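First chain written, first letter: the chains are A, B, C, D, E and F, and each begins at residue 1.
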Amino acid sequence: MLARWVGLDLTSKGVVRAVLIGRFQPFHMGHLSAVKEILQGFDEAIIAIGSSQFSHTFDNPFTAGERIEMIRLALKEDGQDLARIITVTVPDIGEHRLWVARLVAMCPRFDVAYSNNPFVRLLLEEQGIATRGAELYNREMLNATRIRMLMAEGGDWKRYVPKSVADYIDGLGGVERVRIAKSSATSALFR
Amino acid sequence: MLARWVGLDLTSKGVVRAVLIGRFQPFHMGHLSAVKEILQGFDEAIIAIGSSQFSHTFDNPFTAGERIEMIRLALKEDGQDLARIITVTVPDIGEHRLWVARLVAMCPRFDVAYSNNPFVRLLLEEQGIATRGAELYNREMLNATRIRMLMAEGGDWKRYVPKSVADYIDGLGGVERVRIAKSSATSALFR
Amino acid sequence: MLARWVGLDLTSKGVVRAVLIGRFQPFHMGHLSAVKEILQGFDEAIIAIGSSQFSHTFDNPFTAGERIEMIRLALKEDGQDLARIITVTVPDIGEHRLWVARLVAMCPRFDVAYSNNPFVRLLLEEQGIATRGAELYNREMLNATRIRMLMAEGGDWKRYVPKSVADYIDGLGGVERVRIAKSSATSALFR
Amino acid sequence: MLARWVGLDLTSKGVVRAVLIGRFQPFHMGHLSAVKEILQGFDEAIIAIGSSQFSHTFDNPFTAGERIEMIRLALKEDGQDLARIITVTVPDIGEHRLWVARLVAMCPRFDVAYSNNPFVRLLLEEQGIATRGAELYNREMLNATRIRMLMAEGGDWKRYVPKSVADYIDGLGGVERVRIAKSSATSALFR
Amino acid sequence: MLARWVGLDLTSKGVVRAVLIGRFQPFHMGHLSAVKEILQGFDEAIIAIGSSQFSHTFDNPFTAGERIEMIRLALKEDGQDLARIITVTVPDIGEHRLWVARLVAMCPRFDVAYSNNPFVRLLLEEQGIATRGAELYNREMLNATRIRMLMAEGGDWKRYVPKSVADYIDGLGGVERVRIAKSSATSALFR
Amino acid sequence: MLARWVGLDLTSKGVVRAVLIGRFQPFHMGHLSAVKEILQGFDEAIIAIGSSQFSHTFDNPFTAGERIEMIRLALKEDGQDLARIITVTVPDIGEHRLWVARLVAMCPRFDVAYSNNPFVRLLLEEQGIATRGAELYNREMLNATRIRMLMAEGGDWKRYVPKSVADYIDGLGGVERVRIAKSSATSALFR
């Protein structure tokens, strides 16, 4: 039934999964919406955390572990069943042609990949993996870069993330981390 | 209450977690027993898959994604609540002194680490992380190296892993992979 | 005789070779001209493909294998003898001081290195390797960055590359790849 | 016609190629035989030099550049047309699941892969690439490990490699390098 | 006494050390001032050379070895006792969360870390390491980036570095290297 | 005068240095003897710590920082002037052909390299660097592997290292670390 819903030929392969690909710096309302869209059409949602090895920069302020905490807090707050969620981490690889193989190696078998990034979708499609864009996603407002910018500049970033995520970020001093990472971006170490 | 149970000073820190560190090549009855031990004493169990970047060797035949599938199948078969399980992956790092920092970066906050490997415990203790050995673990029989050896030599390996794991390995041709990886270990490529 | 032609002291060392260093993203008329210049003065031309591990970015859209195909197509179209051409790949190394050693390790023995990049020539000269600039090279017009920009913006890029290269790029969807890579450069993954 | 010969469905794809995968430490009579087998059935032979980043060890004594020289000398000595040969280098990657993607990225498009190593063939077949074993290959005698052992121990290694290869190895002091690398294998640096 | 001076609780731990963290591209008057400040309060100064693997770029023109030479020349010129100085090198690591572990692994035990970079101090403080800013440091004028810019543009850079450092840079052609690295920054290799 | 002593043509190049290459796991009487030999013939001794990134294994139990502490303690105990000693670290590189370039990049300029390892000397000589063996070195008894074995097995290892080194190793629990690393060598993580 689910297989039929997504228009894939998935007869009798058991659990049907989609993978959502992102960096989740931080996990925001748009990400939450995409996960819920997947959970309506698939048995399980794999949440693939890209650039997982990085942290403490303006682009990637939070560690993979911190991002997993945010994802679980947000989904719990929303009443989702965490048993249907699988978080995986995918370290960046300089060799883009190899990235799809790494993604596949890190994930349980999946049937389709969700991403709104044309470049990610190109890489996946070139390797024969079906892709989708998340439809319910308001990219203008719900944009992690914009949220981090608000954090760095003292703006109202909390309205774009689930409350539990905002509290978690506050608890680990995340705003200060983003602010320092941003201002130090152009001045490495002790020049 | 849980905090009290494990003898840790964890007053009011929210969710209490232990991390189980292994490679899970494959996930066997002993691993299952250790996870269950943790779930009795903690809110959530983090299962940290070490050497996560490797696969297709005799020591590490299965990809991280395949190992995650095994873990979830085994716990589901056993009736555990997957919502209380968090699988994470920890790529090996040549620089052992940095491995603990990488483990911490990949995991949600945890309170204690379970391992029966003295070397892993030494690394963790040197960095101030509390460790435990899994008590219910029959290491003589339930040893992943021994299980892989049985797979390579046509022995009865299935009695040491949950049925769902055995079926999964059969389904992906895992025995053949282990057999070939073992016999090719000493002859790389096309000499 | 050839040795004499290039003014090098190469008495009786057998085959005389020069290496042309570039990234060839894509291989264009200027590159072709440089190879022909080398083939007039040397027995064999080594074409060293730098940044060989990268692909699918705006700076490096094509894989090493695709670049090798382009080079061979262009030289064949021009009537050159492919038996006198040796393509090698040189992955970038962050440690520039080691790059010359890597270049030498990847190449058959050579007598001189051709590059029009002052930085590459500095690295080579510091290690005692004789360098030359390719003389017949119209850098204003025949510039790979400019060609990729034309590809991304729908301009007439084909006039700057051999016809066989243009056809090859069309056949693998190269223009679309460059266009997407360029537009995604500032927005990684799923922000 | 060639396409028909090899039993592949290759209608009108242009040049038909097979890739021979090896380390070529050193390139011996068996390798030469395999290349000739390929050249009888395909337009071009790609010779993929694995473990290309390594040298100066007993397992991998020669650099990629030195191996390219051997390959070209041997084929020239045998009267083959070097224009139909493409040497590529494939650095080892710890993550075996990604190795096939790297091989493909380094090579011009090919139609089938030749290897006599079951592990290499398993990796390739799992990714949907057709493989073959080289039929004319006398593995008992023509084995690079055995040849290196003879070099280290003063045996008659020259009968197993083309004369031009033997001369080349002599010229660069290759026997001494193999001998030292072997004896130092168990004693790193300055203990 | 020294321990008391710096306000640390260092009773009877033997030698008291502070580490100064920088890249020293090049080592200038401000760096010298910071080292002297440390030597007044501690038994020994560790000078940790960050980004140690890089050289031959505008940001990092000099090798680690060249930077060590500069540091020793400057301190000798200033009459400092080199026996109280320990230079160490700390290669950058993409995973910032692991950088502190690497720093600690590369250094003899130390009691406090000096840096004027807020980002470095944040990383250190998060891992429980006490940090200080160097007080005597005129960051406006004594800034390595500014000095390199002067070198590239033919300005009077020598007034900001010790005379022995200026002579050393002249001797190895450092100004030319900086100039070429800067102008080639936006044009890699042979486009 | 010193230049004359070592038979090198070093007229007026300033400070004359030799580099001693080792891993120093741990620094023992033989190493001390070699350093003293160098200090008799040269102005300064560079002590290049190889495999510097590794620690916590049986082959490389101690971090680079710990090894630097040992070296300084031993030389101080022996009455040597630490101002004439420069410790540098050289991380291993899989690509041996590049190792000499890395060594040179990490060191202040030097005139000759000391090593008793034939493989290291071969690498250096191939790149045109003069090498020497340390003459005063009793390799039978003063062998770091043997010393570590004694540590693991409860033997009398202290007689082969300076007293200050033995005390330092005791203070950081080094014997326990070596013992655990050795016994865990064949059983990685949590099988």
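We take it that a contact is a pair of C-beta atoms (placed from the backbone, for glycine too) under 8 Å apart; a residue touches a chain by one contact, two chains touch by 3 or more.
This one's a predicted model, so the numbers in the text were calculated from it and none came from an experiment.
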item	value
Pair with more cross-chain C-beta pairs in contact, given A-D and E-F	E-F
Listed pair (A-D, B-F or C-F) duplicating the B-D contact set, over half by residue number	B-F
Cα-centroid distance, subunit A relative to subunit F, in whole angstrom	47
Whole-Å gap separating subunit A and subunit B, where each centre is the average of the chain's CA atoms	25
Where subunit C and subunit E are represented by their mean Cα positions, the distance between them in whole Å	38
Residue list for subunit A, restricted to those that touch at least two other chains	55, 63, 95, 97, 104-105
Pairs of chains, among all present, that meet the touch criterion	A-B, A-C, A-D, A-E, B-D, B-E, B-F, C-D, C-E, C-F, D-F, E-F
Touching residues (chain side subunit A, partner subunit D) in the complex	93, 95, 97-98, 100-102, 104-105
Residue numbers on subunit D that touch subunit C, as the complex places them	52, 55, 63-66, 68-69, 72, 81-84, 86-89, 91, 104-109
List of subunit C residues in touch with subunit E within their complex	20-23, 25, 31, 50-51, 59, 94-97, 115-120, 122-123, 143-145
Touch list for subunit E against partner subunit C, complex	53-57, 63, 176-177, 180-181, 183-184, 187-191
